[in-house]
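In order of appearance the chains are A, B, C and D, and numbering begins at 1 in each one.
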Amino acid sequence: MQQTRRSVIKAGGALGLLAAFGTALLSPVRALAAWNKGAFEAKSTLDAMRALGVNNTEESKEIQIRAPDIAENGAVVPIDITSSIAGTSAILVFIEKNPFPYVGSFDVSQGAVPFVHLRVKMGETSPVRVVVTAGGKHYTSAKEVKVTIGGCGG
Amino acid sequence: MADPMKIRATLQGDVADVRVLMAHPMETGQRKQGDKLVPLHFIQTISAQLNGRTVFNADISQAISRNPVFAFKVKGAKAGDKISVTWTDNKGEKRSDETEVRAGS
Amino acid sequence: MRHALVLGVVAAMAAAPWPHALAQTEDPVSAEFDKFREVLEKDNPAELWEVKGEQLWRTPGGPKKASLEKCDLGLGPGVVKGAYAQMPRYFADVDRVMDAEARIVHCMITLQGFTYAELAKAPFSSATRTPDPVSIVTYVAAQSAGMKFAAPQGHPKEKATYAAGKEIFFYRAGTFDFSCASCHGVDDKRIRTQPLPNFTKPEQAIRAVLGWPGYRMTGGVMHSLQWRLTDCFRQQRFPKPDYTSETLSALMTYVTVNANGQVYKGPGIKR
Amino acid sequence: MKISNFAVLAAGAALLASCATGPQDPRSEALRMMQRDFKTQGIASIDRLKQDELQAACDKYGDNPPKEIATKLQNAQYAAIKWPADGKFLGDWKAGEKVAQNGRGMAWNDKGGVGGSCYNCHQIAPATTSFGTIGPSLKQFAKLRGYGPDIQRYAYAKIYNSKSYSACSQMPRFGHAGALTQKQMQDLTALLMDPASPVNR
């Protein structure tokens, strides 16, 4: 966050600095740790979630996951995620059957729309699980993607 | 030094649709070259700034596809604004590129 | 990570009915691939090589410290726009028909001072390296996006090269008695689940050239038609054709002329 | 191809050359290009470009030779089949399934013959839905044709040399080309013929 603070100071002075701290508090996932090694090295979605401080999740239909039913190539699986949940601050993505399920977190609390497009490697057919953080609570949804050619051997 | 990114930012109302292509091997540490495994080499963090103000952050793993593609949407943008994107990888390599927000068609 | 082998895991397809009597474009799996193909093409990593290729084209390089901006791709020195869609074509200075990559390599030799041997040593992309001619041909190809293929057939050598390319296409030999036509000479066939276009027909020949140069999801590398045809010969169990050889230009002439009149969409994304 | 076939290959090339009518002939132009541009790589030697008598005839007639020529070619191919030394046509269908699935072998990056690539072109066991359509479906092969020794012999012969039944078939001559061993061909025959094979169930 060092860089963010600096640019904010340049842009808006003390007020901007305050605002930057404010938004940091609103995005607990990122505020907890820079690049959460424990979560990224976890071998199950559950362990990864724990490492991220996600202990309770609530199923939500307001998370849209657009991904292929069958991926042409597991090396490049396109995923669009949109959250309609008010106050969405972060989008977390897990490929449950990958050896390291946690793929990433996308912090949209500082001026981005709760949407992200990403492309992932999938070793085999798996649910793509999304967790959305909003107002200190965690919501979840998943979509199964079938893989005929695994994409992790490079 | 890493190859440049390709960034496109197009306005849809006051939201900039930002699409980024990055040149990076995103090595999983599982790929073999000859008999040896190619070591882990992947982008870990991405941040985007609108006129210098951070608006989007991502932490990612090696499971993101080689030559990563991301899209996100930034509120409160107007034509001519500067969008910059920076990535950092696990070897500490870094790359920043910038583009101007363009009016949508 | 674990990876399912290409030929092995098709559990997904077992779950879905496989109406193989239908044309390939009508089955649900292909329809699903097509839908997301558009998503993938919208942001194609091939653009990274377009950018790199343009730099390589404009920046002085090679032993002679020259740029390629005087390279004649058939429309006059330095003219890139539209050139790819009008190749392969005859070049009087070498008295042969050349495809785009063959011509770029020729320019790198004559203008920049590279040798054929160094350019041909490892001409295809790997996970860690994209040869410069591949980046350059990607840039050149992108400058013909949206144009119709119009590979010329006015010069006698262009006609002769087309005719030779056709002969090569139908030439049956090797351990498995294959020709190009064994797989690409009839309608509505497939290898495993991969549909096989019939390149002898204009409306299907376009699929031989569309999307090349292409970003290949497998391995995440950029490949050109030179690679594609060379790898076809490998699978045909033939010996290996020389990089940028007349044989490859002739085959490209045959399929491109067959596809003339149809629109080229620029560098693509491949499975 | 096998070394012993070189003479036949050379004869085929000579036959082709005699068909050429001049330097502008597309055929001789194509041959000139290929002879110059192709190089031996790994096991894929330059000799593979030389057509044998059958390849040359199929090429000449667009894979549709006159009946008398086709019959002559088929008979010659059939006569050259080396039948199993142990007199058995059926091996292990489970091993045969593996050979059928494997699409590698005989290319310049291979060490030799490995697999039969059968699923590339044929539907065989119903569990594999990823199959090609260049060749006919072999589902229920023996159930439809019978399990007897004559059908076994026929199946083995087709695998060994498909051209002994159809001169210009697109199917490789696996035994003739030395791409599969006798055991692999017996295993494949079992995949088609064994009553316990999923092909017939």
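Here is the rule we use: contacts are C-beta pairs under 8 Å (C-beta built on N, C-alpha and C of every residue); 3 or more make two chains touch, one makes a residue touch a chain.
Please read these numbers as outputs of a predicted model, since none were measured by experiment.
Listed by label, the chains touching chain C and chain D alike form an empty list. In this structure, the chain pairs A-B and A-C differ in their number of contacting C-beta pairs, and the larger number is found at A-B. Mean C-alpha positions place chain A and chain B at a centre distance of 15 Å. Chain geometry summary: the mean Cα position of chain A and that of chain D are 53 Å apart. Distance from the chain A centre to the chain C centre is 37 Å, each centre being the mean of its Cα atoms. Residues of chain B found to touch two or more other chains are 19, 28, 30-31, 38, 65-66, 69, 71. Multi-chain contact residues of chain D (touching two or more other chains) are listed as 130. Taken residue by residue, chain C touches two or more other chains at 1, 10, 13, 43, 127, 193, 217, 219-220, whereas all remaining positions touch fewer. Contact between chains, using the touch rule, shows up for A-B, A-C, B-C, C-D.
Those residues of chain B that touch chain C in the shared complex are 3-4, 6, 19, 21-23, 25-26, 28, 30-31, 33, 38, 65-67, 69, 71. Of all residues in chain B, those touching chain A in their complex are 15, 19, 27-28, 30-31, 38, 44-45, 47-66, 68-76, 86.
Of all residues in chain A, those touching chain B in their complex are 3-4, 7-8, 10-11, 16, 20, 30, 34-36, 40, 75-78, 95, 98, 100, 102-108, 110-113, 115-122, 151-154.
Chain D meets chain C in the complex at residues 1, 24, 26-27, 29-31, 33-34, 36-41, 44-46, 48-51, 54-55, 58-59, 62-63, 101-103, 106-109, 119-121, 123, 127-134, 163, 170, 172-173, 177-179.
Considering their complex, residues 7-8, 10, 13-14, 18, 20, 160, 163-168, 170-179, 182-183, 188-194, 196, 233-235, 237-242, 245-248, 250 of chain C touch chain D.
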